[in-house]
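Common to both upcoming complexes is chain A, partnered first by chain B, then by chain C.
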Partner chain A sequence: MNIHTIPQRTPAETALIDAFSDRLSLLPGDGKVMLKRDDAIEAIKSGLPTRRIESWHYTDLRRLLTSVPDFDPAAAPKAIAPVVEGSAVLPVLNGVSSAKLPDIEGIAVQRLSEKLTDGSIAPGLDPYGADDAIGALNTAFVADGYFVDIADGTELDKPIELQNLQSGGQTHVRLGVRVGAGAKAVIVERQTGEGAALVSSVSQLLLDEGADVTWLIVQEQPDTATHLAQFKAHLGKDSKLTLFVMNAGGKLVRQEIVVKTTGEGADFTLRGINLLAGDTHTDVTMVLDHTVPHTASTEVIRNVVTGRARGVFQGRINVHQYAQKTNAKMACNTLLLSDDGEFSTKPELEIFADDVVCGHGATVTEIDHDHLFYLMARGIDEKTARGFLVKAFVAEVIEELDDEAIVEALEARLDDWFVAHG
Partner chain B sequence: MLEIKNLHARIVDDGTEIIRGLNLTVRAGEVAAIMGPNGSGKSTLSYILAGREDYEVTEGDILYNGESILEMDPAERATSGIFLAFQYPMEIPGVATMEFLKVAMNEQRKARGEEPLKIPEFLKRVKDAAASLNMDMAMLKRPLNVGFSGGEKKRAEILQMKLLEPKLCVLDETDSGLDIDALKIVADGVNALRSPDRAIVVITHYQRLLQYIVPDTVHVLYRGQVIKSGDKSLALDLEANGYAGVIGQAA
Partner chain C sequence: MPAVQDTIDRVRKIDVDQYKYGFQTEIAMDKAPKGLSEDIIRFISAKKDEPSWMLEWRLGAYRRWVTLDEPKWARVHYPKIDFQDLHYYAAPKSTPGPTSLSDVDPELLRVYEKLGIPLKEQEILAGVQKTDVSEFEEASDNVYKSGRVAVDAVFDSVSVVTTFKKELAQAGVIFCSISEAIREHPELVKKYLGSVVPTSDNFYATLNSAVFTDGSFVFVPKGVRCPMELSTYFRMNEKNTGQFERTLIIAEEGAYVSYLEGCTAPQRDENQLHAAVVELIALDDAEIKYSTVQNWYPGDAEGKGGIYNFVTKRGDCRGDRSKISWTQVETGSAITWKYPSCILRGDDSSGEFYSIAVSNGYQQVDSGTKMIHLGKNTSSRIISKGIAAGFSQNTYRGQVSAHRKATNARNFTNCDSLLIGDQCGAHTVPYMEAKNATAQFEHEATTSKISEDQKFYVMQRGIPEEEAIALIVNGFVKDVIQQLPMEFAVEAQKLIGISLEGSVG
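Here is the complex of A and B:
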């Protein structure tokens, strides 16, 4: 006989379980979707992950998620100007998509609520692994978002911005994008708002053969919000994904990145910037599977830590036995600017193939005194010179993006952060 | 313009004394060469003038226009008109060269109570200075000194010197790493800055540079002291006979 000891539920766990009962009648979904929701809430009932679960070791969600706000139907954020000027904006306001869909050639946009109602999204609601707490939370509560289909061969001349804005309460959003063969697109995933919100957001991206996508996650939640996000992508043959993640806000943030290379010649680039200030906790956790031969990946994460902020980067690269000639490189560099700040880095390489090139490195540094002296020797005062060097440390990652409009737009976001936290 | 009096200085980390009672006077309009064998304290002297924190002055003083600079940080010294052309200029990834130049020039202007430069005027000055040093503007679109060859870095230092218009220029081994053509270009750049209200201190190991930047005075530095001063003929003498003779006389 098995004896289960069910630990006493935390207020947050209780609030989530109660909220599910309250919301159930409002949640869209056919039978298949509703079954997935049931499974998901069962997973939550068995408890939020703690530090005893390896992938959550540095982010004990059960302890850190101290409260969960109620849903707030009155919350009404307004769409904001896109990060990159001229982008086509698809807003999700307080968890609800817009009925007014843009008319762009080669692009079909559907409200996600429809795909929940007709059940066509159901297969995508499965958890990606045993400890998929964010997936479970989202699957249980997700009510809307968008599904965007970019037709084969379409080359978008301006970015699409998926704008997830909240103004308190809970929002649970899902954004799905399929990019057809040979298509090319820049997609901005904007995550921001105000108030003491709980946000879960899951993005799913499918790249067909030869597709080329730059996906920018710009997360600037207020330091009162909990942001639990997932980005999942499958990279088909000869496809190319450049994922840029900027975390510049949030009280408790976990951004999971789950990427699989499923076609030969696929190429994945991750560039991340974590700007951490105040009394906050930010976790970027990546699981990358090289499942087929001849695929490449590079990951560079740069972190700036001030105040009492705590940061985490977990980078796991699984090179499957069949995935010969994999080329994978990962680096995580942290600039620690305060005595009370903290950053934990955990690279993990699990390699079952024998003909691969894989490497990882992590550094934690302070401001380089030689560099500081050089700038000051040109008459730049110490504060300005330090600002220069901190910005330079992260700007390097942005400049690699190689698209002037994007680089400028992201540097503007960077400047905003430095003005607020300099 | 520059008066160094009985200067003693040591490395903060390990207390090693490098400068041991150094005296030197450089007048406005003068080009002074400081020569000396390896380890004599030449580069240390340049860093101390610029205010590097790794060195600590334990005795004596450095007067610039009659006032002590020992309490000033490197930025204050720079905005007061002191410029050090580094022997090994730092590569600073992520700092855009043009942005850096603009901020540095405007800091100088601010210290002089002038308005910031307008962008077209700034660009014009940079273009003119770059052209005079045979530098490609494309180089300046790169991050500061990143990927520059040794010679390009030295040229970039002289470019900064031209743009910042300092009153006291200290050139630390500016000739090292330069081929003969680059050396001439750099020397022309320095000579163009010679003026009655500016002093230039050229620190060098070899006489070669002094063929192109002809000094008014030459000072031999050995074990942290100036052991002999003279005119340009002293440099030729050193080239012909090495440092041993001069050191022998001093001992």
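Here is the complex of A and C:
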């Protein structure tokens, strides 16, 4: 287990390091940004994380990332319709922010390339820990994305959809959103494409006092793509964030969620569904820090594992010493439907405050035979009955979102997945 | 309890110095020089009069150990241990080989008397009854007579005495020190030693394999229900020594044995190392119940001194329908690093883990279990209760895994933590790995303070606050206490009382 070893660089590590020297002249950024990029590539040079790094225990990136495609300037992903009709769409195509910047009252949109060039994004490029490989990879290579500023008191009636579309090649995108005091918004983060791409995407969200945001991550990468994503949020006083994550694709997927409550009265809700099929390896890792008193969080993750898929959920709730009266609940339920599927879960609680109520639950099981019998006794054939039960298991999480348009749109994505994967 | 200012104050004042087994004894000791090398291992092996295969086994482990690094993943912090600054062997001079009670140094006997451990066979541990030896002789065919406990007393590196050997032998049970087993029953030791925890297992287990000095050996033959509780009492006395004991328990087909270990050490300012290995083997239909009441010296109120308790305990349900149950009450040690585990290899086998870990002062506990489901229809159950007070850190770390062929594996895990005071921490780190669709795993964990509602309910019935809290805490740990053999449940309950004294009354 702990014998001294001197690792040799893997082909993927070498490819990333080489790509960095090739791309360096093309990467935007002022002196501060370029220094952060240097630090980041140094982190990659010291090796991608292995299972010996606790936070990567179930996703040995060094072993799983077998190849890295070259950047492909000719890649031309097709534009797609937004999840919710009428949304303001901000697409990133092959790593380039291509949209004509929209003119909506209360919203200021900037291309991230500009913020890299003038260095104003530099403080946000720091990794959040020594094991933040996705942050390092993204910081080293990020060239574009969007920065959206929603002014205080703005209430958006239509969602903003941030699309990251890629067909083959490599892309590294950063999406930043600040939501002003008392503002209200729905933001959709769409991650999809074609071909065997390597995608890294980092989203950063800042909620000011009393802001209320629903953020949906819809990840439907092709089963050849590697998708390494991170969602980071700071929740100010009395702000509310509902994060919904749907993973329904990708060959190697890691979605990190890093949330910190920084103001009293902040409320965080996470709902996730992971639909795993084929040979996918999908990892959702959450680190939630309750740093101030009187904050609440609930997380519910539902997983369906079919084929030879491997799923991972790691969730760590840190309750800091001064975060009294924290109320935190986490549940991770998994339906393991195939003999070759695997699911590993590690729900952690780290608690330093005494006046808190924290709990977590985790289950892994197959379909309840009683439920199946109930339906079949009513003349429904086994396959259909199983379909009902599996769908009900995940749809329950979607239905909790109270916006009807969003619920319908997500259920449509769900149906697509069930059609494609039986 | 945050709700009660009075209690918080009491917790702050809590005194780990109230450790009542902290006395030390002046006994002429025979020690190995400090340090660890192949020569020291040869010295230990020679002292123990071991056959050459045993020496080779030790040396193999040592050669592997020098290539290993200390594990760092546990949530415990301590200064680096200088493994060359320890005595790896210390034995009371007067006992070259314990044969009978009359040969034992009376000073040693007094130590155990002070600890409340009966080495005279006519005495009963919990002080329930006194019987003459002669009566025992007559009653020896009444093998199920309850209330008797056979004790193996280990003092630093050697076993000083083992009681009730004769009576156990009549039932076919072998209960002796491991050194004696290596000499008298080499075929059994050779077959089973290291078969559950191999010499290459982990840093401390490998170290133990190289230098272990004594421990207990239990062999319960086919179909025998061990006529009494077996128990080992470990006492670390000498300064700057490490205690490395090795326990091996084998229950053959259909056998049953219940075993308990207890441990204490004197109060010293230096930290002392305790790195034990326990291996349990249950064959078809066998059942082993292993209980621990761990009360090593926890260090003083400033966190100075105390035992580093780095222990590898693992049970192998090798046979079908076998069962291994671990019960532990952890109140002592400056640092605990311990994960009693079950390998559920046989079909229909089951494993259980019941734990109460109470930490106070500056204690650090990182403990839990592993349930590895390999056979079909295996089941496991984990109940862990952690109580953290003072400046302590209390971590539950557990793993449940079902392998590809482990159809119908079941697990239920419940770990609850209770925090008393706002300077302590309680952490839960469970790992669940399911590789089989028919596996059913459930895990639940909660962390909280005592709820106002519960307290109100009890107090409303006229019970004073401190008593009410004590009652609730006792209820909190009841699930685990129930699993202890009756004689020790009383002791365990008392221990929890001591550890929380001043905080819950």
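As a working rule, the second predicted complex is superposed on the first by the 415 of 422 C-alpha atoms of A that agree within 3 Å, B and C clash if a C-alpha of one lies under 4 Å from a C-alpha of the other, contacts with A are read in each partner's own complex, and residues count from 1 in each chain.
The rule is simple: a residue touches a chain if its C-beta (ideal position, glycine included) is under 8 Å from a C-beta of that chain, and two chains touch if they have at least 3 such contacts.
The model shown is predicted, which means the values in this text are computed figures rather than measured ones.
In the three-chain model built by superposing on chain A, chain B and chain C fit together without any clash. Once the two complexes are laid over each other on the shared chain, residue contacts for A:D279 go to neither chain B nor chain C. For the combined arrangement built by superposing the two complexes, chain A sits at the apex of an angle of 80 degrees to chain B and chain C, based on C-alpha centres and given in steps of 10. Of the two partner chains placed around the shared chain by superposition, chain C is the only one that A:V356 touches, whereas chain B remains out of contact.
In the superposition on chain A, A:D70 makes contact with neither chain B nor chain C. Contact comparison for chain A: of chain B and chain C, C touches the greater number of residues.
When the two complexes are overlaid on their common chain A, residue A:E408 makes contact with neither chain B nor chain C. In the superposed model, A:D126 lies in contact with neither chain B nor chain C. Once both complexes are placed on a shared chain A, the shortest Cα to Cα gap between chain B and chain C comes to 14 Å. No residue of chain A contacts both chain B in one complex and chain C in the other.
Across the interface of their complex, chain C is touched by residues 1-4, 54, 57, 321, 324, 334, 336-339, 341-366 of chain A. By the touch rule above, chain C contacts chain A in their complex via residues 1-3, 67-71, 73, 202-203, 404, 417, 419-449. Of all residues in chain B, only 50-53, 73-75, 77-79, 83-84, 86, 89-90, 92-95, 100, 103-104, 107-108, 111, 143, 160, 164 touch chain A in the complex they form. Residues 369-371, 373-382, 384-385, 388-389, 391-396, 399 of chain A are the ones that touch chain B when the two sit in their complex.
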